[in-house]
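As structure tokens, here come the structures.
You will see chain A twice below: alongside chain B first, and alongside chain C after that.
== the complex of A and B ==
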């Protein structure tokens, strides 16, 4: 697909109001709407290391702080480090010499090695490289404990005012989990039983002592220039946020950050539009509802000379990617006022749906959470959550030319892979208007439009034209969901074409 | 069992500190942020890298924030944002537009369940907290070794390489004076030491000594060598001026030393609070957001009158 790297001449309006090329869009087969990366819900599917391609389960990945245990990045240039071997001879106890191999890490890009910072060579290639401990982690752990108790105390003080009679009542949720169990599961400290639970004893922490004397700068700061090659850059420092080395001699190899495979889900119907296979080696998809498999694709074939106020001709190619016969037609774009109205209605619909949702959720056990206040904190995933919807944006179609659209519809035959190799031109008996359809082959047809760039356009200003493309879509999901016949629906999409700049008259 | 896994995974609240220059992002209860990255993202339309704070209007900010938080989640944190809790550290003087748009992005686009907006940047173990909205000069990278003291004579020039081929020579006086902006008085007669002293003056008499003896500097700029020394010099100098000597009866200032790097102390404060129970009590839930459609703010009188504020905390 050569057009992946090219500027986007043909853009489609997504249901969220953004304009995107067809290669960046999805088509939800359940809502029959166009979706794009912006208006789908992204979810992390699996974690893997981009170097060793090891697939880590999410719990394990979380324990390892989403970093690979075996692969390292160069702390200097962030290139992947390689393991190099050197052979050394060792004098063993009985005087004989034995050859053995030692391994170290080296960057093949910037020539940084683990020897530069004094990390000892390892005897095995997969050896455990020494790790640096954050010396503050213990202090911070004690502080976290302190704040947990402090917050708990504050909370219990408040609850005493509001829920005194209910203090010893254990709430059962719809799943039969007591509040204590839920708290334990979500990693929070358990509430002490009884109102007289002793909370006065806070864990001891060592308070920091403020000092009056502040170290002045060393005198050599004013006499010697710092050696910039020995001082780390900001990006080098921030790649290790906990240590932030200031000198290059303190830089240690960085564990390689993991990559993710993610699936994308339609926000309205919660079906997946895009789901890769879990295995990081596989590049295939379980579900891939890309728009270019479902809606007619438009490519620009030829553009006549563009002059302000002078009619010109453009030819676009339409391609039917589906297995079903379809027909397309063209309609003018709604005016700015109509567009505003359309947009306002969509926003209203969105708000209405939200209101209905909030009424519904207020009746479900999920609302127990709020009505009981904070005495019972159910994890969000166990209750039905109120969903907030993102209102769509207004489609910004700023066209700068008028277009004369063909009044007749055009029939596009289904896609037939075998026909690509069949030169014995198959004959379709379509009653095409030769003024409109200039060329036709298997599932493709070229259509001619007449456009007139606006008179007000100065030279080198861009000419854009747009129209509403209506197309027939055969909904095969309906057949799967129990309806007998695949249903045929008429859908519409707004298309914006960028035709290039106006040529001046001279 | 997916149900179990989901409830287990939920405990990690996310702590987000959107700084003017650098964003600190990580999980609550950890001792350091997962990433410190520049607060900038490629504009979704023009693909030019822009700072989040360079927004023109609400829609512009909205799309920038969506892109930025999406990048944070799927490139750096590697967890799904849906149904998570987030704790946001923000400046006391954060514009209302920014807060509202951020809440909209987090609730509507990323479907977070709860947001806690933390105003007091990390009460770590110091009493005085100084929120310094400092803008780092572009040359700061080169000048990170520059000093602060007042004698502007020596300090040799530094050759700073750009793109591998060009070299910029940074003269000694620039290396030394580029941080003067903190100490120069602006048209309101305010400099950083002035602001600290004014803040102390506005406090209760009994608290003043305590405050002056518990100064804790946070933020990346305070990591500059010599910053603390210069600040203490300036404070002591200002104390002798008639304006302050009449109002303040303090004779010494004491500074705390941070155990961790100053540039993520604020984040760490958020991490500590995020790990505690406070998050479930004091956060803004989705339902609360839907009912009010405004984000509670100290400067909004609905939320900041004494009698109401206590009862309001409860409805949140």
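== the complex of A and C ==
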């Protein structure tokens, strides 16, 4: 797992045009494209507390302002607070002594305790700790109420203007979703529906009044040296926006933020590429289409001395992670002109398909996007008939060397976990060109080729080379969906290698 | 000049390194591979201290100075020196916790109830305020209202367990050690 700590020497071009290491990418098995964190839809599956692992439904989480009711963070260093017990002996009225336990919150990192700020010890460990009342809570609540009604009013006004003639055919209803459902899915609070709500009168709010007079600074400000240990830092103040304590004695335990489990969906075909199990205790996944399970992995093994204009030999290791035999080949990167042509053709193709689709459903993906906002994702079952075609993006590969790639393809056998332990490893009868394949072992092969750093490179400038890796992929999804035999497809991915810096001639 | 004085109830493992004139108070536990090095003058360690593995307590000789019997580094009682900390302090009071892998530079006077957080590096010579707490990578300082509790249970446990698995340095009377 060296690549977890290494800088990213080998990068693959994602379908969105970004360059990423293979460990940060997904592979959609339905549209056979590489996906990265930037070109998938992120959805919140569940909210949970990272400390007590309580799982909260999203409505309840929203109600609790996405914070855990029982767990706290240290207001001083933001580490999780722990509950500590002290035993005290109390003198009862009849003179006998009874031992009881009292609990307080303590930070094991910076040693802050709830006693520091005078929060009384609690008799039960699980009990609620005293909450501080926010003096502005009423104002905030009335403002929220006001703007909720205002937003609803404005939206209904808007609908009246634009959609009155065909209100029943709004985009939402076509997708089988009501406005309320859309609100719910996008995480907005539900509103009293439509025409029944009283919209003629907005709730009254008291506007803030600016005042001319500013309280003068206390005299101590000028006479005594500031004690920095008693003043909070900015990050400590921002962590409690409702109180914003200026003195450390006013700090209060912070309710712990909830964490989320999220699933990620391919933007084009709406299938999940990554879905964790709901249970916060589980670290397993229902779906995890990580790219390194599906496309050949490239690792740099050795790099010759890099001198500007002088050919040098590099060895890379190719690894086939799939259960199927695959073959890989290397092609040079397309020139800028070729790429432009290719790109234009793909954009045309994409538009054509879009047009065909929109004729069929008389709804263009574009309007779907604008009306629902790009952050909103629809459940696949509702939109199966509707595919979003993304225009392809151009990939910027800044290479600073030319590559003499091996002309022949290389066959990689399927992954066999048992082979690792089998010393009498079977001899493959691959007709390898010894000039190309340095060695091979089960599903891996080391491949040699030579690169020439550009003549113009000064010393210490980075040498990068790139190529197009073609690989065979067996699409088992087609078989699962009941079509026919697993399909074999030829796919391509652009790869950029960072080889290091040029050494000077001396 | 190398006089070692160890109170009878103290637990000092033979694998620890005590150099120079060092006096160890009663109930103090010194783990294997801890070093207490008295270069500039004697080190007097008080009672109920825990000095864990790989701790270095130095009474460092400055350039041009010589051993001075009257230049004493006094370490008070109930201090905990956690694994791997390096302490060059000029004085140490009572009830301090020097956490793991922290560093206390020369000329720093540790008073009472101070906590030097894990990995904190203190290098500016100064006298620390009582109950100072340093924590985090930026050594942020706060003042605790109380000193940390004494590690009585841990001390009892260690002085029971350590002799079962380690040979102890036992010096009844002050004696000459080479």
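The definition used in the following text is that the second predicted complex is superposed on the first by the 377 of 506 C-alpha atoms of A that agree within 3 Å, B and C clash if a C-alpha of one lies under 4 Å from a C-alpha of the other, contacts with A are read in each partner's own complex, and residues count from 1 in each chain.
Convention: a residue touches a chain if its C-beta (ideal position, glycine included) is under 8 Å from a C-beta of that chain, and two chains touch if they have at least 3 such contacts.
Worth saying up front: this structure is predicted, and the values here are computed from it rather than measured.
Looking at the shared chain after the overlay, A:233 reaches both chain B and chain C.
Once chain A of one complex is fitted onto chain A of the other, the partner contacts of A:77 are limited to chain C, with no touch recorded for chain B. When the two structures are aligned on the shared chain, A:248 is found in touch with chain C, with no touch to chain B. In the superposition on chain A, A:109 contacts chain C only, with no contact to chain B.
Between chain B and chain C, it is B that contacts the larger number of residues in chain A. Legend: residue contacts after superposition of the two complexes on their common chain; A:211 is shown touching chain B, with no touch to chain C. Common to the chain B and chain C contact sets on chain A are residues 228, 233.
The touching residues of chain A, counted against chain B in their complex, run 38, 41-44, 47, 58-59, 61-62, 65-66, 134, 136-137, 139-141, 143-144, 147-148, 150-152, 154-155, 158, 162, 185-189, 205, 207-212, 214-217, 221-226, 228, 231, 233-234, 238, 241-242, 244, 257-258, 260, 262, 354, 358, 370, 373-374, 377, 379-382, 385-391, 393.
Across the complex, chain A meets chain C through its residues 76-77, 109-112, 115-116, 228-230, 233, 248. Residues 115, 117, 129, 133, 135-136, 140-146, 148 of chain C touch chain A in their complex. Put simply, chain B touches chain A in their complex at residues 3, 5-12, 22, 24, 26, 29, 31-37, 59, 66, 70, 73-74, 76-80, 82-83, 85, 107-109, 111, 113-114, 125-126, 141-142, 144-145, 147-149, 151, 153-161, 213-215, 225-226, 228-229, 232, 252-257, 259-261, 263-264, 268, 271-273, 275-278, 280-281, 285-287, 289-290, 314.
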